[in-house]
Every structure is written in structure tokens, then in C-alpha cells.
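Lettered A, B and C in written order, each chain numbered from 1.
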Amino acid sequence: MKIVIHMITTLTLIGVIVGGLLSEINDWASPLIAANQKAETEKAIFLVQPEGKSYETIPKTGIEIYRVYGADKNLVGYSMVSVGNGFQGKVKIMTGLSKDLSEINIIEILEQVETPGLGTKITEEPFKDQFKGLQTTPQVNWVKGKVPEQPNEIQTITGATISSKSVVTIINSGLAQARNLKERGVL
Amino acid sequence: MDLFIIFISAAIVNNFVLSLFLGICPFLGVSNKTSSALSMGMAVTFVMVLTAIVSWILYFLILIPFKLEFLQIPSFILVIASLVQFVEMVIKKVSQPLYRALGIFLPLITTNCAILGLALLLSMREYSLIQSIIFGLGAGAGFTLALFIMAGIREELELTDVPKPFRGVPISLITAGLLALAFMGFAGMI
Amino acid sequence: MKKNKSLGYEYIKGLWEINPVFKQVLGMCPALAVTVSVMNGLAMGLATTFVLVFSSLLISSIRKFIPNQVRIAAFIVVIATFVTIADLVMKAKFPELSKALGPFVPLIVVNCLILGRQEAFSSKNNPLRSLMDALGNGTGFLIALVVMGGIREMIGSRTLLDYPILPAGFEPWLIMILPAGAFLTLGLLMGLANFYVDKKKRNQQQELIAKYRKPSTTLEIKGEEA
């Protein structure tokens, strides 16, 4: 009995101390983590809208989308974050869209956990550059093993077809939501 | 369809052992006999499915609503440890033959990183409860498959003349490398 | 029984004699998974060393108060705490690295190396000794990870710490940064390590025998079956 009490008190004591310590450290770290994420998002917003000088969060959209303004406060386009599943896990993409959503400026892969050396090629310039000035009507399409002919097509990466396709799917689903918002006049 | 992809992905394409490197210790340590590999695999699969359910409830219904995400690691590991103890007790009570078959593997599972890895991955990927269960099932199946194949190869390896410095762990690692290469062939499947 | 060994020895032994990866075959998951580059190996090694050192210090200080029956549970809770701290600090201060290591930072908690050192050493020795032991093992682990990361990064992506070091004509071996390459690299490294250990042992034996034999007799020693 004595041993049982000893066991329970020791474990409880350790638990309490540990819990307190962790919540202290969490209080210190969470604002920093949030600031890091914000800085990173901001960087990406302007990366995909090179002419942008300031931005504004659009509330009540259900997705993460920003209005980006140029030097003389005119709207240059939108930066949109869309998330979806890639080959191994979540892929998070920032897409720069033109004012009428008909063209993609630049895309940036914010997060991915694809296979090193294959799927991770979606983060490299040759793949991302395909999206520069890509038409989005009716939607973005991919072709495999040949050079794209249409202005809304990109070529998938050899050995990473699934990762490439998921990028296209994720952008399309984001686009569909953005168009819907545009029709309702929220954007 | 979505569930099927999760299963196949966890079991074969992104095999826990051969492509995510989770559960390497039992993979190198236990897999000497095909029969014990199968029992171990079954024990792990069983615990994985339970872990998937319990950690999903813990994370999405308790930790997130109360903003306690920073307690994720300690709480997951404690839940897994007590779960394994509990399973051991239940099996011992319910079925003696099953206990004899799986019993000795259960304590080893607590420190098997595949189990904690499963819990962390399903919370990271924000799976639903059903998806989590299928994910656990697939991961367990993949673990069993890798362990079983490896055990089969090692049974044969014992009869071969391996250069002395490579006996034991090194040759197992190299075999695992070749297996991982073979499993890469499944990459185009989904 | 270990009390007669010097503090320096407790540190040095972790580097090679009981190197966690090459000799104890512990902590294989991170050793294989994150070593696609030197930087990742270094970060993982440092994070693990941090957790190991602080867990060892704490556990060896409170070792007399922990009842034997619940020691594993207590160890795990302590380790999990330091892992969470490491994870939060990395996320707050080094977001890039934390992203690269992904779920493997939380997985330090089940790194058998850490639990193994607590069970085998810290729960039986005083804090100072445990500190040296933890530092030694941590450094040994770090060295193994950096060596593996170096080899894989160099051959797999032609760079070292992101500096291209091999000529552009060298086609990177993609396999080295894929999972299969991790297994192969570690297998070959361990084989190589065993080879040198065996050779050293053989040389020592040969010297010993030569000392006790008459100098005129020629000897021929074959591989010793150990």
C-alpha cells in the first residue's frame, strides 16, 4: 500500500511539474511561432505578386485569400493559399492570381512532404516556372510525357506524376472557390 | 475510394518501415523467424488500430478544444503505454493461447516509434476518425508485410556465406535497402 | 563498479567504443530518415543531444525518489517534456529546420537511445557522471548522423551544406537521398566499421603472439572467429 501511494504521488508530482513547465514554455513560444508563420505568409504573398506593396486579408471567405495592392494603392491581384493532399501528405500552395482570376502570376509551394529528389521537384524552378502566366480558364490541366500545347496546360514531372497532379488539383480547387467568391462579390 | 488510397498508401507505397523508417528497431531485432514476425506484426496492427482511435479522440476532442496541443507528445506516449498494458491484461484474461502468441511482443511495442509515428501523422494530416482507423489498419498491414518478407530473407541469409564484417545488422540493412528499392516500384500505383 | 573510471572516459566512450548508431544500433529511425543532408543530420543530432543531456541530468538527480515499478513511465514523461521543449524552441527560433525535420522531432521521444541511456546509466549514476555519459553519447550520435548526411548529400545531390562540391558533370545518384540509399549507406558504413575493428583486433593479437614466440618462428594467423 505504501509503495502504491509512493508511486502515485511521485508520478503526480512529476506530471504537475512537467505540465506547468510546458505551459510556461508554450506561452513563450506560441507568439513567436505565430509571428514566424505570419512573416512567412507575408513573404509568400509578395513573392507571388511581385508588383504588390501592401495587402489586405479578405474576411468571411472560408479560404485564405488576400487582396494585393500596388505602389499607387491600385489592386494588382490576389494571393491565395490552398491546401490539399499530395503523394505523402499535405501540400500547401500560395498562388498569385490576376485581378480577373484568368491568369496565374507565380506559384510558391509553402509546405510539402513529398519524396526527396522526386516529388520535391515541385518546389524547383523548372516546374514552378510552368505556371507563370498560365491561363486558368476553364481550369488548369496537366499533360504527361509531352510538351503542353494549350495555354492552360503544364507538363508533369517524370517520376513525380502524382505530386505534379496534386499541385494542379489543389490550385484548381482553390480557383473554383475564388471564382465562386468573385461571383458573390465578396472578393 | 479515398479510404482505399489511404490504406494502400500506408501499407505499400509509403510503407512505414521501408519508406518512412518507423519501427526500425523491431524490424532489425525481431525478424529472425517468419512465424514470430507474423505474430509481432499482428500485435502491432492490433495496437495500431486501437491507438488510431484513442489518439484521434484525445487530439481532436480534448487537446484541440482546450488549446492543449503542446501536451501532445507526453499525452500520446502515455496513452500508448497504458493502452499496451491494458491490451496485455485483457488478452491474458480472455485468451491464453493468444497471450502466449502475442504476449511477449506487447511490452516491446511501447517503444516502437511506428505507433507514436502513426498517432502524430494522423493528427498532422487531420484525418477523420474513419480515415484514421483505415490508416492504422494499413500501417499495421504494411509493417507486418515488411517484417514478414525480411524474416523470410533472413532465414535464408543464415545459410549463406556473408563476409564477416557484414554479418548481423549490416547485411540486414543492405537487404532492407534493396527491399525499399523494390517497394519504390509501387510508387506509380496511386 | 564504474566509479573507478574517469569522467573523461564516460565522455570518450560514447564517441566510438559504444557509439549509439554503429555499435549499440540504437536510434536507427532518425539516423536513417533525416540524414538527406549534413544540415538535417546536424540539427537532429543537436536536438537529440539536448533532450538526452537534460533528461539524464534530471533523472539522475531524482533517481532515488522514483519507485522502481514506475521508473519507465517517469522516464518517458521526462523525456517527452524535453522533446516538446526542443520542438517548441525549434519552431519558434529555427522554423526552416523544424520544417525540414518534420515529424521526426516529436519522434525523438521514442528514440531508444535516450530511454536506453536512462535505464542503463542515469538511473544508477550521479548527475555529473550522467552528464558526461549523455554528452558523449549525444556527440557520438551527432557524428554518425553528420557522416551519414555528408555522404548522402555529397553523392545524392552533389553538394555539401548546399555548396556544390562535386563537378557539374557528376550526375547525382538520386538513390542516395531516397529511403533505399539510407539503408544501403548505413549498412555499408557499419560493415566498414566492423572491418576496421576486426583488423585492429587481429593486429593486436598478432603483436601479442609475436611477443611470446621466439622471433625466428614465422607465424601465420588466420581470421580469428570471435
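Note that a residue touches a chain if its C-beta (ideal position, glycine included) is under 8 Å from a C-beta of that chain, and two chains touch if they have at least 3 such contacts.
All figures in this text were calculated on a predicted structure; none of them were measured in a lab.
Under the stated contact rule, the graph of chain-to-chain touches is complete, every pair of chains being in contact. The greatest centre-to-centre gap from chain C, using C-alpha centroids, is found for A.
Taking the mean of the C-alpha atoms as each chain's centre, chain B and chain C sit 23 Å apart. Note: centroid distance chain A to chain C, computed from Cα atoms, is 36 Å.
Mean C-alpha positions place chain A and chain B at a centre distance of 30 Å. For chain B, the set of residues that touch two or more other chains comprises 19, 70-71, 74, 121, 124. Among the residues of chain A, those touching two or more other chains are numbered 18, 22, 25-26, 115, 118.
The set of chain C residues touching two or more other chains comprises 73, 77, 80-81, 84, 88, 178. Put simply, chain C touches chain B in their complex at residues 25-26, 28-30, 32-33, 72-73, 76-77, 80-81, 83-84, 87-88, 103, 106-107, 109-112, 115, 175, 178-184, 186-188, 190-192, 194-195, 198, 223.
The touching residues of chain B, when paired with chain C in their complex, are 18-25, 28, 70-74, 77-78, 81, 111-113, 116-117, 120-121, 124, 163-166, 169-174, 176-178, 180-181, 184.
Interface residues of chain C, counted against chain A in their complex, comprise 36, 65-67, 69-70, 73-74, 77-78, 80-81, 84-85, 88-89, 91-93, 95, 99, 102, 156-157, 174, 177-178. Partner chain C is touched in their complex by these residues of chain A: 3, 6-7, 10-11, 14-15, 18, 21-22, 25-26, 28-29, 32-33, 36-37, 40, 111, 113, 115-118. For chain B in complex with chain A, the touching residues are 9, 14, 19, 70-71, 74, 121, 124-125, 187-188, 190.
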